[in-house]
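Chain lettering (A, B, C, D, E and F) follows the sequence in which the chains are written, and residue indices restart at 1 in each chain.
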Amino acid sequence: MSGFWMESLLAENPEAGWNLAVKLSRMGVKATQPSDEVRGRLRAIYAEDADSLIASSHVVAVNFQTVAAANNYWR
Amino acid sequence: MSGFWMESLLAENPEAGWNLAVKLSRMGVKATQPSDEVRGRLRAIYAEDADSLIASSHVVAVNFQTVAAANNYWR
Amino acid sequence: MSGFWMESLLAENPEAGWNLAVKLSRMGVKATQPSDEVRGRLRAIYAEDADSLIASSHVVAVNFQTVAAANNYWR
Amino acid sequence: MSGFWMESLLAENPEAGWNLAVKLSRMGVKATQPSDEVRGRLRAIYAEDADSLIASSHVVAVNFQTVAAANNYWR
Amino acid sequence: MSGFWMESLLAENPEAGWNLAVKLSRMGVKATQPSDEVRGRLRAIYAEDADSLIASSHVVAVNFQTVAAANNYWR
Amino acid sequence: MSGFWMESLLAENPEAGWNLAVKLSRMGVKATQPSDEVRGRLRAIYAEDADSLIASSHVVAVNFQTVAAANNYWR
């Protein structure tokens, strides 16, 4: 509708907020590598690499801090 | 019940909050590698690698910041 | 106009804030490597490297925390 | 007494808080590698590796942020 | 005048704050390697290394969080 | 006097706070490697390694966030 891929940092509940954090982490990769084909190819490799997976989880954690703060931690 | 794996960021005490942070860190890995089989195989390897373990502890620390803030540090 | 590359941390909406975070991440690289030619050459390489892309996404996430806080999370 | 390894994030003074942060960092490793024997063996190796030591110090720093905030920075 | 290399965390505008964050990042390196000659030699190498540049940008991002908060985000 | 190596997170000015952050970063290494001799030997090596120096600067930046917040950014 609006043409934005991110309308808001507000999420209905913690799990929706988590999903947004995962999406932000992927958009962070896309900012440097816009090709869906290349990202798909690389993902097949790093999804089998423990250190890459831990690093990915780290990025999600940082983005989740932002989303959780934006939602006042769903308190 | 609700179908959510994360109901809330609220935890009864610091240790329950810590356990949630550990769970979030694992869900961050699962977001990229959904296969239980692959994650189990990789875990056997990185659980013997000091740098991977330190990196894992780092991710837990970041998620624990979020959970602790959400719980107003159990003050 | 003003000669600044960053006028303000205020952004109209989350997506504009995200774009500013991406810009800050690039300016962080430029601080050490001012040559457009060298950065362009390196980018072609790391855009094909999964770990570099994850690390880039991490930097964007940190800068986005700053921009989002500056904008009071667009609440 | 309570069966918890972490009773509280409150610490009497900055140094006690720092010690708690070190403990949290170790518990983060233990979450992935519960074997005392394996962790002891790995520690002997990474305690001689500069990059591992810097990474460990990083994790302590992140956990100390949490503990210090929980204690209102002992102001 | 005062003999301090950092007088204050206050900066006139976001860009001056960014420059301070870059300076802090360099002072962090200098804390471990005080020799201008060695740092200059190393910089020539890592300025051509994509992963080092991303890591440098990460440090600037962390320091900029501090400076931006100190300045109340120039709101 | 008190037997503590860290009396307080309060520092008279930003530069004293920075020095405390450097000290905390070193104490984080010492938590894992208590031997002065080993740390001295390793430091001679990593002080010549660009990536180690950047990682060290990163740890100082994280600790400085804590110290600066504790001092209300010396505002």
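Following the convention adopted for this analysis, contacts are C-beta pairs under 8 Å (C-beta built on N, C-alpha and C of every residue); 3 or more make two chains touch, one makes a residue touch a chain.
Just so it is clear, the structure is predicted and the values come from calculations on it, not from any experiment.
A.B. asks: Counting one step for each move to a touching chain, how far apart are chain A and chain D?
C.D. replies: 2
A.B. asks: From the C-alpha centre of chain D to that of chain E, how far is it in Å?
C.D. replies: Averaging C-alpha atoms per chain gives centres 27 Å apart.
A.B. asks: Quick check: how many Å separate the C-alpha centres of chain D and chain F?
C.D. replies: Spacing between the chain centres: roughly 16 Å.
A.B. asks: Listing for chain D: what residues touch at least two other chains?
C.D. replies: 25, 43, 46, 49, 51-52, 55-56, 58, 62, 65, 69
A.B. asks: Answer with line, ring, star, complete or other to describe the graph linking chains that touch.
C.D. replies: Contact pattern: a closed ring, each chain touching exactly two others.
A.B. asks: Could you spell out the chains in ring order, with the walk beginning at chain C and its first step landing on chain E?
C.D. replies: Result for the ring walk from chain C toward chain E: C, E, F, D, B, A.
A.B. asks: Could you list, by residue number, the parts of chain F that touch chain E in their complex?
C.D. replies: 13-15, 18, 22, 25, 43, 46-58, 60-62, 64-65, 68-69, 73-75
A.B. asks: Of all residues in chain D, which touch chain B in the complex?
C.D. replies: 4-10, 24-29, 31-33, 38-39, 42-43, 45-46, 49, 51-52, 55-56, 58-59, 62-63, 65-66, 69-70
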